[in-house]
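Taking it in order: structure first as structure tokens, then the write-up.
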Amino acid sequence: MISAAIVGGTGYTGIELIRLLSAHPKVSIDLLTSRSEAGTRADEIFPSLRGISDLVFSDLGDDTLSMLQRCDVVFFATPHGVAMRQAEALTQAGVKVIDLAADFRLQSLSDFEHWYQQSHTCPELLKKAVYGLPEINRHKLATANVVGNPGCYPTTAILGLKPIIELQNQQKTQLIDARIVIDAKSGVSGAGRQASLALNYAETTDNFKAYGVTGHRHLPEIEQGIAQLLNSQFTHRVRFLPHLVPMIRGMLSSIHMELTEVGKSIDWQQVFEAAYEREPFIDILPKGIYPDTRSVRASNRLRIAVHQDNERAELTVLVVQDNLVKGAAGQAVQNMNVMFGLDETLGLNDAPIVP
Amino acid sequence: MISAAIVGGTGYTGIELIRLLSAHPKVSIDLLTSRSEAGTRADEIFPSLRGISDLVFSDLGDDTLSMLQRCDVVFFATPHGVAMRQAEALTQAGVKVIDLAADFRLQSLSDFEHWYQQSHTCPELLKKAVYGLPEINRHKLATANVVGNPGCYPTTAILGLKPIIELQNQQKTQLIDARIVIDAKSGVSGAGRQASLALNYAETTDNFKAYGVTGHRHLPEIEQGIAQLLNSQFTHRVRFLPHLVPMIRGMLSSIHMELTEVGKSIDWQQVFEAAYEREPFIDILPKGIYPDTRSVRASNRLRIAVHQDNERAELTVLVVQDNLVKGAAGQAVQNMNVMFGLDETLGLNDAPIVP
Amino acid sequence: MISAAIVGGTGYTGIELIRLLSAHPKVSIDLLTSRSEAGTRADEIFPSLRGISDLVFSDLGDDTLSMLQRCDVVFFATPHGVAMRQAEALTQAGVKVIDLAADFRLQSLSDFEHWYQQSHTCPELLKKAVYGLPEINRHKLATANVVGNPGCYPTTAILGLKPIIELQNQQKTQLIDARIVIDAKSGVSGAGRQASLALNYAETTDNFKAYGVTGHRHLPEIEQGIAQLLNSQFTHRVRFLPHLVPMIRGMLSSIHMELTEVGKSIDWQQVFEAAYEREPFIDILPKGIYPDTRSVRASNRLRIAVHQDNERAELTVLVVQDNLVKGAAGQAVQNMNVMFGLDETLGLNDAPIVP
Amino acid sequence: MISAAIVGGTGYTGIELIRLLSAHPKVSIDLLTSRSEAGTRADEIFPSLRGISDLVFSDLGDDTLSMLQRCDVVFFATPHGVAMRQAEALTQAGVKVIDLAADFRLQSLSDFEHWYQQSHTCPELLKKAVYGLPEINRHKLATANVVGNPGCYPTTAILGLKPIIELQNQQKTQLIDARIVIDAKSGVSGAGRQASLALNYAETTDNFKAYGVTGHRHLPEIEQGIAQLLNSQFTHRVRFLPHLVPMIRGMLSSIHMELTEVGKSIDWQQVFEAAYEREPFIDILPKGIYPDTRSVRASNRLRIAVHQDNERAELTVLVVQDNLVKGAAGQAVQNMNVMFGLDETLGLNDAPIVP
């Protein structure tokens, strides 16, 4: 059994990790830490876990690090800036680190500092960190010691663009226009488990709005994904605009592109189907089916629909995922499976919950 | 024009008062106070008011009282315990006071102190205060200087029981069993405009629960309503259990009673229709129609359905209202209309918003 | 492997059965029938099943029965009145039948005919049918050939009352008053997967209402549960009133009772804990915790909170379940596990989905 | 008083018209027709209207036309294709016609036939019909006899683009790139009051999806708006993609554009403020405020936020309205006010309902 620890398990990604890892056949959660909730049973905070988990939050103080060092893998479900302070000591002890926050996502230190308003504390380790998108970095993940689990929006954006950018590279020809508009929509759980007037039910339900109009932290991550992860030979200008949907879980990114003349000659449905043929969690929907977010609710699947309109030179890619699963905790478990040489789908086969 | 002030207009009853009074043909809102938001325009906090109201929150410090004293009526949309500290000075200056909190609801000082955990600061004034339920206290309200605007649940309970208790008194015979079960359900806006984890959208939506199982402040108010307001000759044992519904506005109280043999001989539908025949805001639905909360959304109407099943000796009364209107701000305006000799429906004729 | 068939899998209990049985380690779904959807893949109707199930709906016409007879167990997720027409032929062929509709719930033929407006076609088989509540009928289920899976409301009511009625029987003393008020609330999925104006989103959301005021089919089932299943020595008068909550899944029943003097001397929290100590799916919450429906979302658990107020002689039992799982498909699988001698929890251990 | 008739008042735009016109000080609804509901009181179908309206639906058969001809104005809240069959006879009788369906929106007969799959029955009258967007066609509306009330999406798109296109025309220079992406989101009431599985609460809530990916009837209307209504000197390629939001009312259109070099030199906030300075229903939000749909709930206001990012050459315009008010019934009343020389805001001054 893999001995796992979860640091900071009181948020929504935390409880989702507990839910997924508790049912994982090869994992034992041996440590669950929280400063604010030390001494409290997890199922006191989340009564849904009654009968599922007997875990107790602990704050081991000075001993925390040495306790974490006895585990095989540590998941950080903490605010940005926590994992980078402990990652070095953990990796030196041979512990693998998966950070669900942003500490190991952006390779550019200046981007990190600009968007997260803090200095990076272990830039050398950051260089060795692997961006945890198995559909792209599977081989690197197999030997990774530190993994930056992707942001939820970038997961949809990068996987939605991958077949296009890669075909462009392969054909050395621009197939879509330089400008890409990603109009994205997320359920409210993406904002985290917090007391907030803006997230009060009476403020949020029966309502819809954009946010992050002036810039969102996930934009540089998407741009990095296109430029470095997908090694795009062509420069793209990305407009990313997120919106808040009155629903708990779920994310839909509508990616709008214009096809070049060469791009029109491509059968994009086929390109996407071929690109993801062997991916256990990526589902290319048949033509004419619209993905809805509930079709992936509580599951690690990500579904993509491709719409090509040559007359108008439009290519629209619609991507849905559960922001807490493929967009966070599920992807972290998928990464762990790869890092430990397990079947990548282990513990992640639950069917979506519909209705 | 009646010069009105609203003290503490940053909550949901506050904005509802602003909405209703801004459209009232005989009222001018001359003062809006808030300590926390002094200097801020109301439409900055509530952008829905842009173009509707130019009011600015003020904190007049030492001058507040003298400014309030120049108004004709002061509405307190404040936490419990604020109005009772200013009411005396205001009434002495001839200003009428309508408190939307609980300071002037309970005549029993010990009940007030027990349920609200504070001493009453003006017990003499409390004795003169009128419970603001126009359908019962219309005559007293006409000359009242201080009005305790009823709690939302008690409004549904007392108006739902009124025809029954009064007929019992009139016939000097028990028509229903002593035990009355009030199983009540409220939308989330009833919990107020606040940052709260428990009220976070992702915690509240697609979810349902009871609360206040061990006792709720509105129970003594309901019991007072039966015993004093309705002068019940018979003692009733009330079980009151509130629930939280994932909706913004709306309240439904299901009142379960057992009919006595004499009670079975009554045509309760007719009794209710007769009792409320002349009430502009009380609507007795025809037999067989279930009231839903949206049928009163954003309006001051309260709808009642009466179901009588003689075979099972059951009498069920279903009462719906908008908790922010008839259950709070609308009733306060209705009280004001009565207190100032205006047409009771002035400013309160808007149709419910459906869908 | 147990060879299972699902007759009529296009509704919400149907897809829930597909979801649960697809993940069950000892079951293979070998047949899925639907007249209206014959030839269609299940994942065309429910895209959430893409990658989960390759099942195709079939309508075998005259061969249907012989195909069903080759299975070990047949689940009927059909309208009332279908299962009873095929059950006899199936049991004669040694096939076990689990009906999720009402054909085998009510032992009284006249009750069945009154509430479901049709004659029963196999009254002899009905007598041998077992009411599928494992927490009460576990031993009978072990050898049952035909099981009537309980209604969703009756499951909460009967399990919420069981410890009380049984203790009453044991002590041969009335511990609660004869009158029991069950004020119940259900999510919208309970109304089924159908095109209906009343269930249109814009009609249902941000809204709350009672229904079935004049009587609901689940009332005779609850009464039968108390009188026959729990063998109550005392007669109880039950008032049952269901409400529609704007949420997808979930059911909360608030059961209101009055304690007799002897009843007050009982520690009901302890009674409930002892009664369900060994039940894998029944969770008695610690004192002071309110159950919310999401704490059982998508799981087979049923949680109960007990509130005793001796001063007011009140006993309130709050019961939550997922209406589609413990209230329908999950309980059917639990019944199957018992009928086939499997571990009762097999395939039913998933954690609830929160948030 | 203006004598008004509503043809087909059983849908959501119908009840919204009843609500608004019932409160209008200069209008009397003298006729309400529905074939399916003839003889039924409006408040039987919509109990929210109890106490508001005593209207009864009528089907006058052969007399319908002559009855309608006695009115001053007829609103058609009917399916597409109904108004055009009666408009000629009505206008000949001097009756003004406002069609809330699409019969008089598109000037191109081939577009109408392509998108609505029927021939136009009165092409001559269509030429004289005025597109009912008062902010653009106020002068034409003053003398119009037939008005095509705009679609909900086009209202947001055209008003969101108007200041830009007009400034481009004025400066005879392209200020934005030719490609415009309109990613739009609507509440469920936009799909109408109908029994539909796809609109069932359990299918729609906690869910989000795109629709009309392959083309939506409102696209040609938006293109006509840019080309003809706004007389754009430059050709624009519009991508329009609508989404379904789990909320009742409300619409947000996110309009994505790229600025040319000249376009970057413009202060777009100021341009929008100046353009709509005198418009009673158009509100340009201050910089940095995101419009949410609830800020216009149940009101005729439309709010716009402008975000300009010169570094990225992005111009984003966010437009919100209530799809049933400014997007349908409210705009129809606004048109009527203009057509009859009344104050344009009459009957349309209600504050939005928040929360």
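By letter and in written order, the chains are A, B, C and D; residue numbering begins at 1 in each of them.
Here is the rule we go by: contacts are C-beta pairs under 8 Å (C-beta built on N, C-alpha and C of every residue); 3 or more make two chains touch, one makes a residue touch a chain.
Quantities reported herein were computed from a predicted structural model and do not represent experimental measurements.
S.K.: From the centre of subunit A, which other chain's Cα mean sits the farthest off?
M.R.: Between subunit A and every other chain, the largest centroid distance is to B.
S.K.: Quick check: more C-beta contact pairs at A-D or at A-B?
M.R.: A-D
S.K.: Report the inter-centroid distance (CA atoms only) between subunit A and subunit B in whole Å.
M.R.: 47
S.K.: Nearest whole angstrom, what separates the Cα centre of subunit A from the Cα centre of subunit D?
M.R.: Centres of subunit A and subunit D (C-alpha means) sit 39 Å apart.
S.K.: Indicate the residues of subunit B shared as contacts by at least two other chains.
M.R.: In subunit B, the residues touching two or more other chains are 12, 187, 189, 193, 202-203, 205-206, 246-249, 291-292, 294, 297, 355.
S.K.: Report the residues of subunit A in contact with subunit D in the complex, numbered from low to high.
M.R.: Of all residues in subunit A, those touching subunit D are 177, 179, 181, 183, 185, 187, 202-203, 205-211, 213-215, 237, 239, 241, 243, 245-250, 252, 254, 256, 258, 288, 290-294, 297, 305, 307, 309, 312-314, 316, 318, 320, 355.
S.K.: With touch defined as at the start, can you tell me which subunit D residues reach subunit C in the complex?
M.R.: Against subunit C, the touching part of subunit D is residues 12, 187-189, 191, 193-197, 199-206, 246-248.
S.K.: With touch defined as at the start, can you tell me which subunit A residues reach subunit C in the complex?
M.R.: Going by the criterion above, the answer is residues 12, 15, 19, 22-23, 46-53, 189, 193, 205-206, 248-249, 280, 283, 285, 289, 291-292, 294-299, 301, 303, 324, 349-355.
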